[in-house]
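The structure under discussion appears below in the form of structure tokens.
The first chain written gets the first letter, and so on, giving A, B, C and D; residue counts start at 1 in each chain.
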Amino acid sequence: MAIPLKWYNISADLPRPLPPLVDPLDDGGSRIALLTRILPSRLIDEEYNLSRYIPIPPEVVASYHRIGRPTPLLRAESLERRLGVQGRVRIYYKYEGALPTGSHKINTALPQVHYARLDGAEEVATETGAGQWGLAVATAASIMGVRAKVFMTRSSYEKKRARRVLMESLGAQVVPSPSELTRAGRRALEKDTRHPGSLGLAITEAVEHVLSGDGRRYVAGSVLESVITHQTVIGQELLDQLPEEPDYMVACVGGGSNMAGFAYPAIGLRLRGEGFEKTRFIAAESTASPRLTRGEYRYDGLDSGLVLPLARMYTLGRNHVPPAIHAAGLRYHGAAPSLSLLRSLGLIEPIAYNQEEVFKAALLFARSEGIVPAPESAHAVKAAIDIASRSRGDTVVVFNLSGHGLMDFESYEVILRNTGGESLG
Amino acid sequence: MAIPLKWYNISADLPRPLPPLVDPLDDGGSRIALLTRILPSRLIDEEYNLSRYIPIPPEVVASYHRIGRPTPLLRAESLERRLGVQGRVRIYYKYEGALPTGSHKINTALPQVHYARLDGAEEVATETGAGQWGLAVATAASIMGVRAKVFMTRSSYEKKRARRVLMESLGAQVVPSPSELTRAGRRALEKDTRHPGSLGLAITEAVEHVLSGDGRRYVAGSVLESVITHQTVIGQELLDQLPEEPDYMVACVGGGSNMAGFAYPAIGLRLRGEGFEKTRFIAAESTASPRLTRGEYRYDGLDSGLVLPLARMYTLGRNHVPPAIHAAGLRYHGAAPSLSLLRSLGLIEPIAYNQEEVFKAALLFARSEGIVPAPESAHAVKAAIDIASRSRGDTVVVFNLSGHGLMDFESYEVILRNTGGESLG
Amino acid sequence: MGLEEPGFSAYIPLAYPSPTRFLEVLEALVPCTDFFEIGLPSQKPKYDGPTIRKAHIGALEALGEAEAGGRLLSFLETAARILRNSSVPYVLMTYYSDHRQRVTSLLEAAGNLGAGCVLFPDLLFDHYDHMQDYIEGSREAGMKPCFFASSRFPHRLLAELSRRDPLFIYMGLQPTTGVELPIGVARNLALARKLVGEAYLLAGFAVKRPQDAQGLVRAGASGVVVGTALLERLEKEGPSEMRELACRLRKAVKEASMA
Amino acid sequence: MGLEEPGFSAYIPLAYPSPTRFLEVLEALVPCTDFFEIGLPSQKPKYDGPTIRKAHIGALEALGEAEAGGRLLSFLETAARILRNSSVPYVLMTYYSDHRQRVTSLLEAAGNLGAGCVLFPDLLFDHYDHMQDYIEGSREAGMKPCFFASSRFPHRLLAELSRRDPLFIYMGLQPTTGVELPIGVARNLALARKLVGEAYLLAGFAVKRPQDAQGLVRAGASGVVVGTALLERLEKEGPSEMRELACRLRKAVKEASMA
């Protein structure tokens, strides 16, 4: 199986046009105009590309090859047996945790850092919560030979040592956010010297950092259409790998990139009348940030500080402060515009799970399949297990295992301590 | 590229016959006879197989496929540039860290656990230091549906939380060694209630545990010829992947399995006069356990407690107590018999490095190639960098990156703290 | 009403910079404009960049914000008369959200005032379900429909719009007016051309230089609209300099097909 | 001296259980043995399992350990005479490490005593550089060389050994005598046969049952040696039961080629 040479842009096939990013109209400036000083040029071009397929630059194809794409599609036979549904239900999963940084995030970190370098940038900056995205950026930056600065929410910076140390080992500069480096950071620290930080604030700091110097570019971990389009390598490989059309395709949703990357190529076939007619597309989110199940579909800020434009999306409000769950990557207040549109049309069906049931599913999965899932991905695991357990007839479920949990052992430690590690299932 | 269907048994091609395992003759019993109650039967058969190629059972081939074999061979172009040798020196590395548990260890955990299950075993037991091997066994056991019990040296148990928690998440029972579970453990604890444990003692405990109940099998992480033979999937894939015959092939040595797996298929060609005439095979070890550079070539115990037979090998003495280096996987007192034989014949050339220079190389590598190497593998990185830097003419270096360091962040944290994380190279 | 092809269109917000000066501007541009796109000033010009937003605010202030709606229409009547006299066609551009409750009457009024169509750039994005009503309302008012598309747009919908006999399909080349991001607009336009067949494809948003306008026609545009560049020239240099730019733009557009 | 093919050989440590009883054992086995493998008792029988190790210790004790070397040879003379009379060939088996300093004289003595060869099982593993000396010494003493190989053995060396006109190549099927591990011995033997061509391939270590011995011949062995099983039978049941087992083993070996 080969690596796709194009990304799939679902906007070309949507039943309705995608509401564009807009300026908040709260001042005389333009956030959209500022993008040229924030994002890599080529990313902007991809954000506004009419084509159904966007060619992947050869350097990026080579780097995909390098990181071990294509990732495997695995059959969860042991899990089927553990659930007692073998012979009737077939469960498959696409394993993005096989990638070097342990999640799908590297799929977009590579092109974005490459694009930043094409702009002559010497440094990329970004925010990170749990560190998956930051680690992917640090890795891509190291490979591409540019510096990386990662604003890591201070609570994670202090608690999630593994990914921080690894980012630093890769040569990235990791800054606890709020920091003294930016106006936004200093303002937050003035109010509260022990401010725990938030993803929204970290974005603001990263963007401010980029805007306050030359040769810098901001790279985005999810939500932007261009970014989630990069993830469609997942779903295109999947189409080549799937032995049968599934009844369900399941992924977790933070900003929406792994769900989009996983499902869009299939949804595209459905939208063009070329297959996947019976498939239901399930988006698993956390009850801590239930944007798709309980949010409103409206224009809202991509970040809490409104340094970026507004997007029409399902949102819990850009000032949403989610409880501190282990699946830090699902704590975003919104979901990518195209995913939101598809959800509003009923093509994507959301379901929210709480942390306890999710980790129970994660342990059952680990003990059947030998892979400890990332807490984020564990939401997809939970949904897949639920669907499989409840299904009556012959059912095929495919889910996206967006990452492994090798660096989330701190979360698992807490969970095992609380459950006494007793046998499950 | 396909996954090999056979393992390569270098004994068939050695210039001299391999001295066999023998009993210590210290009592009326036979450690060799005991093996039938300790090791999986099929592993024993492989340990005594005259064939040059040993067929890999289809179930194991399938599981190799599942874990993402073949692993990639990568060109370290950024590193070449950082070293200023680009255009003259080409550096390649085989990346075993791409495997799900982050090292080559899973290559033998899978067949061994499979063999244990063929014997009707319901549980496998083993020892682990840093946890790489234990994690591989826990993973294989989970996939194959048997229980796993891992005796983890107490100092690691307390300090290396990541891999312990992950093993537990996978359903393995992790026991700090010395433990109250075995006679050997209790005896050690009587002497010292805060005994830190040792790999030798943990082996004794694991074997004793296996011998003291039904339905149990011990699985071995390295050193046994059968075990290191499993690793030749690495080197066979490599032969398919290499664009040119290297001047140097480099790997680190603990028990010798990754070096053997990586280099034996090429050495085999050399021994049969079919290629690799000019290639030098370099074994990188730690100055903390310099068995190949400073040990004696003689019969010695495979474990400190002499529960297993003796092997003729380069050894520092089975009671060797190495300093507590980060590369815990290199702290073994001996090296696999065939590797020792090849070293005695000058076909494998050893070199020892100290921790400081090794981590400096590791950081340089991480910051060029985007991969944080396991501390063990970092020894191979160091040797490859040294060779590349010193070489005068056109030179091709290939090394085995036996594992990633994503779970070794504790080590890197210490290193970064000590070096102030300053820029290298 | 048909539109000249290749055609050059000037966008100006109605009553900007003030009702009086607007009429001067209009007359200044007439010789170098194939058709006008007249924007109804809005409180929330969502897809507009800073320059045009400021223009909208200026226009509203000049008209007296409170009752702008009524006055706008009556002022439009004046403008429409001038255009009719000079036989330059025009279309209206305004946000659907601003007129949600009274779209039919707006269409009727526009039809009566000789507009070629009313372009609601947000119609398909935020009020998709009203597309059919809009098409019918336009026809009932004696106009054709016209549509606004963006550079992330469903292909099938573009093709379908072209089959609704539109006056034109407007391709918003950039995400917002007057702001030029590094986007492959020619690539997008060429693809749009394939998708819309023979339909009149109008390209706009942040077109500033004559050679760019020419390039767009070469890439597949039937016509090109310029707004911000003209307004900026007007503000910084004056009406005749603005006209001079319009003439150069128009000339470039006209010459595109000869190259 | 040539060896019968298919042949059955009994292994017994010299002077075991005692010098006198050893001669009885020898005579008991003569009718059912094609050739004997006589082991020189060793302090360090590295490749031997518990049963034979005990036998070695017993033999050494019976001879009076201190001066065992000398007495062993003179006792061997007695045994050799008996065998010569019954015209059953024999070979000697002893560890090279035990004789490092006086290998030539040992070979001479063995040659004089009519041994077919002296098998040093550790020669190729621990004293590889002495292989040539050994071969020449054997020939000078009027014997052929014979070699011991294991189930992890270089193919090229096996082939090379077969070209040295050996009396036999001994294939140690198991890692230690008398201990049966789950090893695919028939597979190994079949491969060894391919590698050694026409050479006499003797299979031994932990062969216990007649059907197993037969299977080995079918797999490619020219002859089969049994030691531990005979010693155990002797100890547990007595000389005639031991002989009975030897006869059954020999019969199975002989019948192998007919099947």
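FYI, a contact is a pair of C-beta atoms (placed from the backbone, for glycine too) under 8 Å apart; a residue touches a chain by one contact, two chains touch by 3 or more.
Predicted model, so just to flag it, every value in this text is computed and none were measured.
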Would you identify the groups of chains that remain joined by contact if subunit B were left out? A, C | D
Go ahead and note the Å separation of the Cα centroids belonging to subunit A and subunit D. 70
Separation of the C-alpha centres, subunit A versus subunit B, in whole Å, is 35
Chain centres from averaged Cα atoms put subunit C and subunit D apart, in whole Å, by 104
Taking each chain's mean CA coordinate, subunit B and subunit D are separated, in whole Å, by 38
Set of subunit B residues in contact with two or more other chains: none
Chain contact graph, described as a line, ring, star, complete graph or other shape: line
Among the chains present, which pairs are found to touch? A-B, A-C, B-D
Note which residues of subunit A are touching subunit C in the complex, please. 9, 11-23, 25, 28-30, 32-33, 35-36, 41-42, 44-45, 47-52, 225, 312
Quick one: which bits of subunit C touch subunit A in the complex? Just the residue numbers, please. 44-47, 49-50, 53-54, 124-126, 128, 149-157, 174-176, 179, 181-184, 187-188, 191-192
Would you tell me which residues of subunit A are touching subunit B in their complex? 65-66, 68, 71-72, 74, 78, 81, 95, 97-98, 100, 102, 138-143, 145, 161-163, 165-166, 168-171, 362-363, 366-372, 404-407, 409-410, 412-413, 416, 421, 423
